[in-house]
Amino acid sequence: MSVPSSAAMPELKPARSEGQWAIVFRRLRRHRVAMFCFVVLIGMLTISALAPLIAPFERDEPNLRARFLTPMSVDNDGNLRLLGTDHLGRDYFTRLLYASRVSLGTAFFATFLASAIGITLGILAGFFGGWVDVIVSRTLEVIASIPTLVLLLIVVTVFVGREEDIPIPRFVTSIFAGFFAVQTREANIVLLVNIVLALFGWTVTARLMRGMAMSVREHIYIEAARALGASNFRILVRHVFPNSLPPMIVDFTLGVNAILLAESALSFLGFGIQDPTPTWGNMLNNAQNYMFQHPWMPLIPAMPILIASLAVNYFGDGLRDALDPRQRG
Amino acid sequence: MTTFLIRRFVQMFFVTVVAAFLSFILLYLAPGGPIDELRGAQRQNDGMSRVDQTDVQRVRERFELDFYLPFRFSRWLIGWPSGPIFGAIGADWQVGCSIPGQVRLVYPDGRVEIIEEGCEVPLTLASIEDRRVSNGVFFGDFGLSQTILRDRPVMTLIMSRLPYTLSLMGTSILLSILIAVPIGIYSAVRQYSRFDYTMTTIAFIGSSLPSFVFGIFAILIFSILAQRAGLPYLPSGNASGARDWVMPYFGRIEAGSLVDRGLRFIMPVGVLTFINIAGWSRFIRASMLEVLQQDYVRTARAKGVKERMVIIKHALRNALIPFITLLAGVLAALFGGALITEAVFNWPGLGRLFIDALGRHDYNVVMALLFVNVVLLMIGILIADILYTIVDPRIRLS
Amino acid sequence: MANVNREILRVEGLKTHFFTDEGVVQAVDGVDFVLHRGETLGIVGESGSGKSVTSLSLLRLVSRPGRIVEGQLLFDGVDLTSISEEQMRAIRGDRISMIFQQPTTALNPVFRVGDQIIETLTIHQGLQGNEAQQRCRELLTMVGLPDPERRMRQYPHELSGGQCQRIMIAMALACNPELLIADEPTTALDVTIQAQILDLMRALREKIDTAIILITHDMGVVAEMADNVIVMYAGQVVEYAEVKQLFANPLHPYTIGLLNSMPVLGDVRDELAVIPGTVPSLINPPVGCRFAARCDRRFERCTETPPMVEPEQGRRVRCWLYR
Amino acid sequence: MGLLSRRAAAFALLALILPILAACGGTPPAAEPVVRETVVVVQTAEPIVVTATPDPDQVVEPTTEGEPADEADEPAAAAPSGAFSTPHPILSDVRVRHAIAYCSNRPELIESVYPFLSDEQKEELLMDTFLPQGHWALATENITTYPFDLERGQELLEEAGWTGEPVRSNEDGDVLALNFTTTNAQFRQTWGAVFIQQMAACGIQVIPTYAPGSWWFGSTTGLARREFELGAFAWVGQTDPAGRTLYACNQIPLPENNWEGQNYMGWCNERASIAITAANNTLDRDERIRQYAIVQEEFTRDMVSLPLFNRLEAYAASNNLVNFRADPTEYYTANAFEWELSDGGDTVVIGLTQEPATLWTLIESAAVQRVVSFLLGVPATTSYTYDFQPFGLTQLSTIENGAAVNEEVEVSEGDTVWNTDGEAVELAPGVEVVTADGETVVYESGTLTMMQLSVTDTWVEGLTWEDGEPVKQADFELAYKIDCDPDSGAVTLAVCRSMADVEFHDDVSYTVTFYPGVQWPTYFSGLLTFYPSHLVLSDGRNLADVPASEWSSLPEVVESPLSSGPYTIESWDKGQRMTLRANPNYFQGEPAVSTIIVQFVADTNQAVAQLLTGEIDVLGSETLGAGTEVEMVIEAGEAGTIQAFVVPSSTWEHVDMNLYRR
């Protein structure tokens, strides 16, 4: 006795001719702050990708006669030091460029890895339930019950210095070295830190995904799909995963932020990726040793961390708004 | 309810033991440690302090390194094995190795290598009868500190730091809640207002830099630079002054007085609160936004409920439900302290103790702190679950 | 018009727009009607036609970014658009109350239903304690909930959808409102419960002399309940008629379409006749007749904006066909 | 539930085991037939000399100057058996090592870490051998020096067959690239970066690894396993040069000897090896100087370890503190009883990075503990400026002044002697000892002539405890009893075990007679100490009656010990500070500064901040370190905010070159 209408849609939703993603993109495009931040992020990624081309100096080239130069000063050879120099007279601007590659690369790669682990385990746990769920959930609880920083500390102490013993295929290391613009030898430890961060960063994603998968499982169309003879795997890939994607994307942006910070915190405690491989975190940590004499120093590496992190946060925020089905317009 | 509690306790028990065992293994796996330190001390020695096998053995004994790991763990956990069972059974059962055996491997190509393998002198139940052993963590005995406060009970050590961590964390958590909740609410109610944008930016900045950055900049600005400028300044660290000091315009401040302690409290609490507010206000805001869109809020308005009451009574109560999950960790945080902030401000709390213990291989102290942390976290989660059922009638413990 | 002096609500030129990033959504774009005491007015239309926004506008509950941009809402001679928020609040729940579509979500999950009813009584009538409890029990009994004592102590999730809707009705009627707005009160319920709720509402209408605005997309409900009907399409009123007239002789092609899509008992058609197309975007509504694109009787004139005409006494339609 | 949890545990364990397996090295050794022999465990941490000493003929450093080494081309042929027998393809060539030495500009390295020093000051830090400038055993003749000489270095490399730009390579196309391993301390990273640049200027590619100290100095990792090509670290120089375990042939860590020894380079120069052993087997200072000269001559010629420079140490004290004394080989609190405050103040606050674990000196040797213990006790001697001065003793108990006697004694089978492993054993066939004429022999039968040392320490009169009780003979007896009891928790008992007899004469003196063969180089610096035998514990027991095993947990011993030093413990707020008051009964008179507060500040930045804001008066080198803070302290000193003391420390940086590959 009712008029067939698009009852499930909110009142003012305009024509549904657009796909859901198109709507999201349209909304996101109009979110000015988010778009600005997106542009900033892309800009940072581009610059970091082009680091070797842009960098005015050698990454590790010290100049003992040009130490602690303040930004915009000119060194004894008449070269402009855009952002000054560090305690060895290495060019801050150059190192920041290379560092952005490692830091951003790590942030994105480790988060990606963590998300992959978290999504897989979360889906498996939520979808199959039973003993799979128990294993995943308990592992999660155990990992989550020990403070992350502590775990990281212990694990990094165990492995750093032995990274050559870790059986990572050479080609992986080479790819990494290329990706992060570091020497192959340095790539080992970068990769290690990435893996460690990922191994302890998946719990939130997994928990979220587990919940999503459970609710999606209950959803009617899964039943329908199963009735049509779809295999478990097919259901997972075709239904559960896409439906859980939007919150995952938001979670991803949060993860990127968290890893950026975790990397710096590790460096602060003297672990993590080591000089001379520059990262924003270890540059910041080095700089803070000199802050009483040169208070501007920690600001230089802190800025990109702040900017990248703000951009990621704002972008994630905008994305969340855009993905929110209740959001009007 | 009872079944739930029983099941939960069993679960908590297993998670706690597994987590403890895992940390235990990791801890002993970490490089460094007493034997390394001993050998380090021996480096380039003058002969008089030379360390020989019996010295090594004594250190191994003191740190219980001569036990096999599972026994070491069970001694820590329940104080067993502490000798032959009922004084007689299993006197020759091997639970460890006093002196590891050495095996010389001769390879066909003539290479020779000596490796440690097997056991030269086994550690039997009978031989550990005289050893000092704690009653086991399970019975509330955390044993003795090994390096931080050598041979004194870990409990003494923890109790000496606990008040500082509790006051620091308690105050900052309380302040954070008191500030973050209204900010979150107001941001949500006035979504996209100038206030909201400002708060969002501040919150993002708070979560965009590692905490030590705020700490060192606070010290730089409020202590060093302020003092250099002759302005009233905040002491850079410690929980109380070692002696009286003079603050410009205010005069003499007595060491250990309330004013002294209060001034030293400001920066660490401020930094921690700032960071907490950053995260929590966003959380409350998101949760509140979600709730404000709910039908029952509209119903409340349609009933003629005052807007203030709509927010405070109808929306907030619902918005705070997910916040409970966040607060589940508070109990553990209260105890665990803030690792980095305590270190930066030289706050004599448990967080700093933890880092110190980790660095100096005081396994008993590290494990005690980790263990209590895990237990408190579990309790926190349990309380949160129970709290849920109180706050949200839809949830039942089953 | 016999009951001129019994007029309770006069809506004139109501326009409620939503100011979104994408543009101004003209959700309600010129709605006029008059409502008398004791009268039941049905508002029908598809989703997105603006009927719910109209009802929320009456209570000034349109949330940002929407706002009433034009028009008068004369309630008992007072223009609701010009009074203060505090005055408006005093009217809500007291003289005008509302029932929502999803009874289960419209009740606050963390409070006992009794308390939620009593809250209304406390706000508007100052009832407290036993007095309020007593009144609450009466209300629950009135809406046909047995064992009111127990119900009062229950939480919404412990009740079925129908029971929740009864609670909602009890809450809405707590202060004997002069106007009751029911926004799809039965949509979320299953069919047997729907009938019960409608019966209840009918019974209560007899009992307390209140005007009702019944918003629904269900023509059956309208037929059963309403005295007069407004058909809305794309933010505008396209037809106004007495209910019998409307069913007997619908004028606007959209109304005709709506009626055709209504299943008839005993009819075993696989599919109902569906009006092709969708409601147009309200950001840039089409020039001329807004229904033109979907109308099977459109002609050149439809590109011009049709005025409201009154082809018969008490009957209005917005269509060039009746010019 | 139980079952499921077991599964969870198994899963967790699996997750844990995987990385462990990974850490243990991916590739297990090929499954070759291996002969297993069980080795008798040697009771010392010294190398297994008899069974595992590499044959000198095979392992002796194969090259001398002017004789090019071609092992790089045919390593297999020249390889003796055993691990680390493959000469390093690059570093085994002495010309390359010399080139590295010539290519390194050490003043520039110093400049990188201590830019504020004048050229003369930098000169003072430079080291040419393994002894610092001014050390009594430093050789000046016959040693090879390596001033910075880029051309010379490049010539040597060309000569050795390494050519090309920018990175040299040899005929086979092998690149002249070396791994450089050190700790991640910023100080090392700083000069490391410059070192890498200097090598690059010579065409040597140096690839750095900055590992955590826990790995680099771990007992089974890094340095101890010789996992490096070029490795940088520091030794702490001492008044006694020692050095046998660093440079003797039998001190090369190898898998064959269970990695004993500290000759990480694998340097076996027979002449040097004999000389260093001899130098450490005599108490005659002239003879020692002679032997050390030989070692230094060979050491610098072979250039297996490039000495760089002494570090700087900084101390800071507030302006009003008078008589603060900073010294490379003595703690700054050693003269705390002489401190005064020029502005009439009464309190000095000392900042310490760490809290002492205990105040019982016997069981703890950390620097922070020593800093505090100087305030609470009377040391027998002080060790300012690389030498010893009597303090609690009336004089150094040397052979020269007759306080000690080193006599030849005849020993025969059954006598207890001190063997070369540092054990007191009964003389029996097979025991290896050093005879009176300095030769190492394996005893077979008959009698041997060995040196026997006996030392009489005489303490000053008038030592009293804080409660006014004078120090007496029973106090020394108690200290001897406790300190030499294995249950006390003492780190090492080597000295105790070497004592054949102790005779107490009166309240201030005693004679210690060692076993034949014991020749401690620092025998004269006081052998025993004293404990308050009159102390009654809170539980009513007498301290003298408490067994040694309980001492480490007695608050009266470890937390608030009875002081005989210039200060007494008033309170100890765990984790925060210790408050000490001047001791009126101190034998040198009551100190001028009435209160010393020891404040524990873990974080260096925080410590510096407290120094700058005037919360802390004194920061020692253990807090200020050798790195970035030194400059800060100097600047503050120049600005007049504080008194800055910068002294060359006894710690010296060097680069070891591993001559062999595994």
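Should a chain be cited, it is by its letter among A, B, C and D, assigned in written order, with residues numbered from 1 in that chain.
FYI, a contact is a pair of C-beta atoms (placed from the backbone, for glycine too) under 8 Å apart; a residue touches a chain by one contact, two chains touch by 3 or more.
Here is each chain with its UniProt name: A, B = ABC transporter permease; C = Methionine ABC transporter ATP-binding protein; D = Peptide ABC transporter substrate-binding protein.
The shown structure was predicted, so the numbers you read here are calculated from the model rather than taken from an experiment.
S.K.: Counting hops between chains that touch, how far apart are chain B and chain D?
M.R.: Step count on the best path from chain B to chain D: 1.
S.K.: Name the chain whose C-alpha centroid is farthest from the C-alpha centroid of chain A.
M.R.: With centres defined by C-alpha atoms, farthest from chain A sits C.
S.K.: Closest chain to the overall C-alpha centroid, by per-chain C-alpha centroid: which is it?
M.R.: B
S.K.: Could you work out how far the Cα centre of chain C sits from that of chain D, in whole Å?
M.R.: One centre to the other, that is 89 Å.
S.K.: Per the centroid of Cα atoms for each chain, what is the distance between chain A and chain B, given in Å?
M.R.: Roughly 26 Å, centre to centre.
S.K.: Distance between chain A and chain D based on Cα centroids, please, to the nearest Å.
M.R.: 44
S.K.: List the centre-to-centre spacing of chain B and chain C in whole Å, with centres computed as mean CA coordinates.
M.R.: Averaging C-alpha atoms per chain gives centres 58 Å apart.
S.K.: Multi-chain contacts in chain A: which residues touch at least two other chains?
M.R.: Residues 138, 142, 155, 157-158, 161, 288, 291-292 of chain A each touch two or more of the other chains.
S.K.: Which residues belonging to chain C are in contact with no fewer than two other chains?
M.R.: In chain C, no residue touches at least two other chains, as defined above.
S.K.: At least two partner chains per residue is the criterion; list those residues in chain D.
M.R.: Counting only residues that touch two or more other chains, chain D contributes 5, 8, 12, 212, 214-215, 221, 605, 609, 612.
S.K.: Sort out for me which residues of chain C touch chain B in the complex.
M.R.: Per the touch definition, chain C meets chain B at residues 59, 61, 63-64, 85, 89-94, 97-98, 100-102, 105-110, 119-120, 123-124, 155, 157, 168, 171.
S.K.: Show me the residue ranges of chain B that touch chain A in the complex, using the header's touch definition.
M.R.: 14-16, 18-19, 22-23, 26-27, 29-32, 200-201, 204-205, 207-213, 216-217, 220, 224-225, 286, 293, 336, 339-340, 354-355, 358, 370, 373-374, 377-378
S.K.: So in the complex, which bits of chain B are touching chain C?
M.R.: On the chain B side, the touching residues are 191, 294-296, 298-307, 314, 317-318, 321, 391-394.
S.K.: Using the touch definition up top, name the residues of chain D that touch chain B in the complex.
M.R.: Interface residues on the chain D side: 1-2, 5, 8-9, 12, 16, 20, 32-39, 41-46, 48, 51-52, 81-83, 85, 212, 214-215, 217-219, 221, 224, 235-236, 238, 240, 242-243, 245-246, 255-258, 262, 280, 347, 349, 354-355, 357-358, 363-365, 422-423, 486, 489, 491-495, 520-522, 552-553, 555, 558-559, 573-577, 597, 599-603, 605-606, 609-610, 612-616.
S.K.: Spell out the part of chain B that touches chain D in their complex, as residue ranges.
M.R.: For chain B paired with chain D, touching residues are 7, 10-11, 14, 18, 22, 25-26, 29-32, 35-36, 38-56, 58-59, 62, 99, 101-116, 118, 120, 144-145, 147-152, 156-157, 160-161, 164, 216, 219, 223-224, 227, 233, 235-243, 245, 343-346, 348, 352-353, 355-356, 360.
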